[in-house]
Each structure stands twice: as structure tokens, then as C-alpha cells.
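The two complexes that follow have chain A in common; it is paired with chain B in the first and with chain C in the second.
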Partner chain A sequence: CISYKPFSLPEQLVGTDESQQQQLAEAILKEKKTFKINIHVATSLPLPAERDHIRPRIDLIAFMINMQSKHSLRNVEASLSHMDANFFLGKVCFLITGVGRMNHCSVEMNAVRKLGNLYCSPVLFCELDSEGIRVATAQRLLRMLQICAGHMPGVSALFFSSLMKSSIDE
Partner chain B sequence: MDETVAEYIRRTVLKIPRHEIMEMLTMWEFLSKTQLQTINVHQIKEKISQEVVELCEVITSIVNDNHTYRNKKVWTVYQMTKAAGEETDSFNLADFKYKFKRSLRSALKNVTINFREYEDNAIWIRIAWGTQYTKPNQYKATYVVYHSQTPYVFISSLRSSLPLLCQALVHASSYHDIHEMELRSRCIDSLKDIVFKRYSQTFQTYHPRPLQERNVAPEKVDPRIIQENKREKERIQRVNQEVFGEGLQPKIEFAQYKLETMFKGEPEMDILTEKEPFRCVVKFSSPHLLEALKSLAPAGMADAPLSPLLTCIPQKARNYFKIKERKGILSASCLGP
Partner chain C sequence: MRRSGRPSLRRRQDMDTSDSGGVTPLGRKTAETGINFTSTTRFSRGLTFIRTHTLFGQSPARRIIPQTCLLQENADPQKIAFLLRKQWTLYSVTPMYKFSYGNLKEYSRLLSAFVAAEKRKGLAVEVGNDLGIKVTLSTLLGLKGTDQDQVAILVQIASRSQLPCENAEDKVVWSGWFCCISGDDLLESVPDDFTCLSLFLANGAESYTAIVGSWFQKTFDCYFSHLTISPLNLAWMAAMWTGCKVDSHMAATELVFSVPCIPQSLDISYAIHPEDAKALWDTVQKTPGEVTQEEVNLFMDCLYSHFHRHFKIHLSATRLVKVSTSIASAHCDGNIKVLN
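Up next is the complex of A and B:
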């Protein structure tokens, strides 16, 4: 008989599009779960120092990049340099939006893939404007969050990076 | 004008006895005295009715155009200047009209000129151009809006004959010279906002506009969602407000920057870093450009404050710029057109 203790799992969404962040955060909170979750929304890192003392340990960071805005890519790149290396052991992922309209993309696919490879973190393409995809993304993030927080017995966040290796690389 | 209306007018004129035509037309109060005088009641009735219909069409097109085309055609702003030391005479409308007509007609016989005055001191002039051998084309008329208390003229749909028109305007209004401002838009009211209030500090609009609704409605914020960068967002809002002001921005659709600057690239790209400037044109377009620029920083698509090249548009009363190098530092020296 397994019982879940209500835990608070903080997750961080970093990106420049506030309305998209808000929508995704709400979608995540709507999902049924047995643990408590807090979502910190930020435009960039580092986070403002004055809130450090009240901020809990962050379990998962999702960087949001809009393919139609070079500004959002540069913002994420700048934020990455401020991060503790420990996070890159499976606790970081990239959410890429705006791929659906190729004509309006000002960020190259290669740039995004390179980012994922460089930081050994999964890259998830999601058109967050669509509700179905938003819900699916929310579910994925929740699943990842559970693993990152150590709630899945036998599964650790380190597994994420091994999933990313392609068999051709070896 | 509606086909059925035209037909109705034609039949009515044909039906009534010749000696009653003038009386009826006067009663309609639609055509002016001068226009009525041009109708020859001694010709055959078909010809009379034809003339009446044509005159009515011209009038209705002026009324329609004012309302429908007000915001459909592209308007260019011109400024008239006086010679040094010249005094501003008091404006006389009849005098202006007379001089304007005489000036245009002396150069071009086939031209239709109509005036209409509005309450806000605006004079709308509609000009249909013909050539030496052809009648004026009523479908491609030029509109000129002149506010007699100001040196500004707004002109739309001008294909040729610009020098003729400028000469007529300057002569009729007793100014010395006229030049084109680098300011164009489809919304003439916004152009008026920009030029008439250009020296006011807080951006007041000439037309009373409804206060812009703030799109931050009091939402129920889930306490589980924590905004980390509230301070930064507030700073952006504040900066935006300082730069753009409170109210709705004037409506323009384009901003164009002609760059004549040196290419700045990697040192290896020797080919391009030559003495010749790298010419290119950057054009911003939007149904409502200034509002779009205002929303960039709050939407997270640009840093605040925006480049002054973009935000100076209302103050400088121009949306077409030429940018040249200045001693190796890139800056907008807004030199003449």
C-alpha cells in the first residue's frame, strides 16, 4: 500500500512571453496530481536576489524559446550562463514554440538543436497556442518533474540525458 | 452615386416642364448657385437631364469620398512657409478659393475643382484632372485638406501635376513656399494629431479619443504561480509610459529607414568593409505601427526602452528617415529627404 505524502515541487518556467508562460502554468496546475506544485515564472536568470530566502529548491527548469523571436533565444542563452552545473543533470529542458509557422521563424533549427546538445537537455517542440498540445506538454512536464524531484522510485533524472543519445553517436 | 438615384433624377428632370426646372433644382438645395448657373435650360431636355445627373454625381462623390476615403487613401503632409519678414494676413475664404481656381485654371483648362468647408476650419478641395484634350477624370480625383489657421496641407492621390497644385496652394494662401514633410499615413486624423500638437509635452490628441483600455484586467492569480520578475515588468511599463504616453497613439502604417552606412561585420569579410556605404532600406509595417511598437516590450519581444529611432516618430513628425554615418558612429542624422 503506497501512500503519497503531499510534497511541494517547485518548477521554474523561464521565458520572455508572459502570456504563454501563464497559460502553460495554468495548464500544469489543472492536471490531476497527488502532490503540491509551485510554479515560478521568470523572464530571465538570475532570479532576483531579494527573494532567495523564501524560494524553495527548484526541481525542474523549463526554458521557453519562441522560434519567431531571436530575442527569446538570446535571452535564454544569457540565462543559461548563470546556472549551476548541477541542474544540467536532467533537471533542465527546452520548450520550443512557434515552429508551426516556418515563414516567420527567425531562429534556426540548428541553433536550437545545438543548444540541447550543448547542455545535454531535452528539446520539446510544442505549439502552446493549441490547447491539446498545451495539455500534453503540461502532462510531460509534470512527469519529468516527478522524476526530477525523486518521486519515482527507481527512476532518476540522470536517465533523461541517456535517452537523448542517438545510437549513431557511439 | 447609386444607379437608381441617377436614373430617378434623370427621369424627374425629363418629366417636368422646362420653365419649372430651375425652380425645382433650387428647391432641392443640392446644387450650388454657381452650379445651377452652368445649366443651360434652352437645350434639349435629354442634355439638361444629363448635365444635372453629372453635377449631382460630382457632389455625392465629394460627400462620399470625405467619409469613406478619409482613411483609405495615403495622405502626405506638406508644410508651407512664409518668406522672412512676411506678415500673416487674415484669412479670407472667398479670396482663397478664387485665387486657387484661377491659378490652376490658368495652367490647365480641363480641371474640376470643388470646395467644401467643415466646422474645424478644414477646407476640403477636390480636384479632378483632365488633359488638353480629355475631360477631367472624376474617378481619380485628388483631395487636398487645408486648415487655414495652420501652414499644413494634406494631399492624397496625387499622380502628376504636383508642381501645379503646389503653386496654386502657395499663391492662394499667400505663402512663399511649400515643401513635403517625410510624413505619410492612411489616417488623416492621426496626421493632424501629429502635426498640430507636435510641441506639446504630454501627448494630447486633437481628437478626443477614448482612454486606452489597459489589457491587464484584475485576474484571479493562482497563488501557486509566482512571478519572479515583477519589478522588471513594472519598470518596463513605466518606461513605456514615459516614452509613449497614456493615450492611444496616432495611427500610421509604415516607418521606413534608408540606411547609407558602412557595413560592420567580421574583420575577415574584407570585401564589404570598403569605402562604399552599404545601402539598404528597412521598412516596418503594421495596421497600427505605433501601438505595435508600444506593445513590444511588455510582450517580451524587445527590451525597454526601444531605440529612439522608432520612438521619435511623433515628436519628429516624420516616418521616413535617412540614416548616414557620422564619424564612424551609427546615429540617425535625420538629414533632409
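Up next is the complex of A and C:
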């Protein structure tokens, strides 16, 4: 796990691919912003209990799933069961990578969509290997983080669920 | 089946688990490329065709297995047996324009000339030198999923025997066959002039495959593309083929996984005793005649956790590249071999 100096707006990335997490965390930090953010990277939950008292409030948790590794899906599913239900009011999202190479996918699309529906959280598809997409994802996450932390007047994290209805479901 | 502009989520799996006569090919199709791939099990089984027509990236949730034998009565056992025990490379073919079953002899003649001409390119032409290539196109009766499927076509390149002896037989140097298994959805949307034989299997020299492919592409305005099999589909195959009954000698079920490592990728081969694999599958499958995604996942998860218990390696983090059972084997690069 890597922790940066505690400031406001902490965000947490959970996933099994540490290099991808690192790269995404760095991309987020590089973005221009007017507030300070703290990113905590973990491979699974629950977080070690000994640091609970110094851990700042977490505003957004992003679970990273690699479609090419079933293990990453299982890991995220196991981690989800350790989470407090309050987070699922818009403070959780799923980042899915690896869909670009269809012939290497070991995880079914259905499983990922079901996960998103079950936990009422947005599912974002991003190919984090590509620099451009990494930057775009970092920007999206930052935006979401601002909303989750209450920095956007009039917009609350609860609105995210309304963004999740896709035309395919209708 | 829905007729909206969106591809429909529908899949069908036909498997005959009875012991009556008939060949059992297993096939599947992914809609985004409109591809079928089939593997034929032993002629004495029954035809099994699996077909999926899916949204991009989605895999089938459930496959129904009708209990009826799908091998048509007019199947030629010798020809079907010829398809077994050979390594076939898979290609997907777009519908062919103005292909006529009545002109097979004409096509044979034209293709022979084309192959001979291509082979002769770059060689010094000797007067009277006949390269002795003969191409035959014939129908492969009996390999159909449903009645609407087009009849399969077999293309063979044989080199004429150089011996003066009258009984000398031509030696087949290359074979390829087109088929379409349970292509109902596609067939309904294809205009009349088109023949939909979306799966092509080739065995033999790559150069011949290229020549035959380019002739078909030029003559019928279609397109061949290489077909690869994803780990998800390979897992389905592993589960379904394990579930098939095989009377003769059962070979071990083998799964090969590729681990991305630096500098070179590592391959892990996991061999399971066929009876154990079948026993496991029998406990997983709830409804005979139906296979669901959950059952396939459970089957694979059991195998992974068994492996993890012994070797502390998470196979679920690797990529399945090859599946080999008593019935057939398939590699992710698009090579299949039917053994039974």
C-alpha cells in the first residue's frame, strides 16, 4: 500500500495490478486541481486495522478489475463484502481494464455488469495501458471525487445512480 | 429472436448424449464476427452444435441442449471420419455472393487451374509439364445444425500420382471445408443471393490455404479472417466436452495456461484424469441438456482451487490458451483437432 501525506479528499484504489494502480494514481496527482488529494492504494480490503485511527475519511473507492484475470474479479468481490454499506451511496465505482483485447478476456461482461447493478455503482471501462485514456480516467475520477466530498454545491454523490441507466437496459 | 437493429442475445446448444448412432460436432459462434467453429466428435455419437449470437463482449448465459440427434441420415460416414484426427485452422468467412451448389464441378475446374497457375508463378515453365494438381469440391452431407443451414462443402487438393500404375491413388495434400452450423439468425438476415457458410477449416500447407482463400474471395466477394478463441470460450469447451460420454479410451483432460512473465512467458499445463473431470462435471451440471455460465464458472473454479491448494498458484490470474480432452482439443490461436 502506498499512502501520501494526508490532506483532504482521500481516495482509494483497490485492485490486484499494482503497476496499473501506481500509474493511475500518478496520473490523478498530475492533474491540475484546486484542492489537495490523498490516494491510498491497496490490493484488497479490509485495510489493516492498526492504522484506523490515523486514516482520514475516505471519499471515493475505485475497484480495479482486469478482464483478463478472473483472479482480480474474485479479489474485488471478496473485498466488497468488507465494506460499510454507506459507501454504496455513490462513493464506489468500478474501473474495468483489459476489454480491448477481447481474445484475452477471462471474465464475462455479464459478471461485471451484474456487479455494477448489484452494488448500485458506476462501471467505467478504461484501458489504463494507454496514456490518453489514463489521463481521461484520472479526470473523471477527480470530478467524481469532488462531488463525493461535497465540494460541488447542489450535486451529491447520490446522483451517480441516475447516470448508470444505460439504453441497453431498456 | 428479436429483429431490432441490435444483435439479439440468444444461444443454442445441441448435444446428443444418447448412445445411438450419429456424429457429434460441437460448435459455437460469436456474433461480432459471425463465426462458427465446430469440432466433430466420434461419428457414432451425434451432432452437437453450439451457437451464440451475442452482444459485443457478452458471453452466453445458458445453452440448451436438445436431445435429438442432429446428424442427417444422408451423412457419408467415410467423409465424416476423414475430418477426425486432423489439425484444423479456423477462419471465419463472410457470406458468399452467387455461390451455387450446382456448379461444383465448374468451380473445381476453375480452382484447379488457378492453383496450378499460382504454383507455377516464379517457376520456369517447361513445355508439357503438368504439376499434377487436382482440386475437387464436393458437398459434405450431414453436417448441419438445423434444416435451414447450408450444406457443407469440402475442398480438396490432391496431387496426381506420378506412377504409371493404373491403381495409383491421388494423394490429398490439402483439405478445407466450409460449414454453417445453426446459423438461423444470420440466415434470416442474409439476402437471397448469398450463401452463408461462415466457418472454414483448413488442414495442410499455408500456401495452399492462401491460394484457395484468395480464389474464393475474388470469385464470391467474401472475406476470410483468422478466428481466435478467447479463454472464456475455451472454458466453455472444456466444460462441455468433459460432459460428453466417450466409450473408447479416454485421454486425460489437459488445460494449458499462459502466464505473462518477463522475459519469457511461462506455460502451465494442468492434466486431469478424465474420469475425475467427468465426475466433477456431473456434480456441477444440474439440468441434463442444459449448460449455464455459472456451471462453467463453478467447474473451472473447482479446478483452479484444487491447483491452488497444491501449488499455491492462482490459475485464475493466468490466461487459458489450450484445452484438450478425449473428444477434441482447441488452441486459442484458432486450431482445433477432433479426436472422437
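We adopt the following convention: the second predicted complex is superposed on the first by the 158 of 170 C-alpha atoms of A that agree within 3 Å, B and C clash if a C-alpha of one lies under 4 Å from a C-alpha of the other, contacts with A are read in each partner's own complex, and residues count from 1 in each chain.
In this section, a residue touches a chain if its C-beta (ideal position, glycine included) is under 8 Å from a C-beta of that chain, and two chains touch if they have at least 3 such contacts.
Computed from a predicted structure; not experimentally measured.
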In the superposed model on chain A, is it clash or fit for chain B and chain C? clash
Now for A:Met102: first (chain B), second (chain C), both, or neither, which partner does it touch? second
Is A:Leu47 contacted by the first partner chain B, the second partner chain C, both or neither? first
Of the partners chain B and chain C, which touch A:Gln22 in the superposed model: first, second, both, neither? first
Touched partner set for A:Ser72, first chain B, second chain C, both or neither: both
Name the contact category of A:Ile39: first (chain B only), second (chain C only), both, or neither. first
Have a look at where A:Thr137 lands relative to chain B and chain C in the superposition and call it first, second, both or neither. neither
Between chain C and chain B, which one touches more residues of chain A when both complexes sit on the common chain A? B
Shared chain A contacts, counted only where both chain B and chain C touch the same residue: 16, 69, 71-72
Where on chain C is chain A touching in the complex? 32, 55, 57-59, 61, 228-232, 235, 293, 304, 314, 316-320, 332
Contacts from chain A onto chain C in the complex sit at residues 16, 68-72, 74, 99, 102-110, 168
Complex contact set, residues of chain B against chain A: 222, 224-229, 231-233, 299-303
Chain B partner, complex, touching residues on chain A are 15-19, 22, 25-26, 29, 36-44, 47-48, 51, 69, 71-72
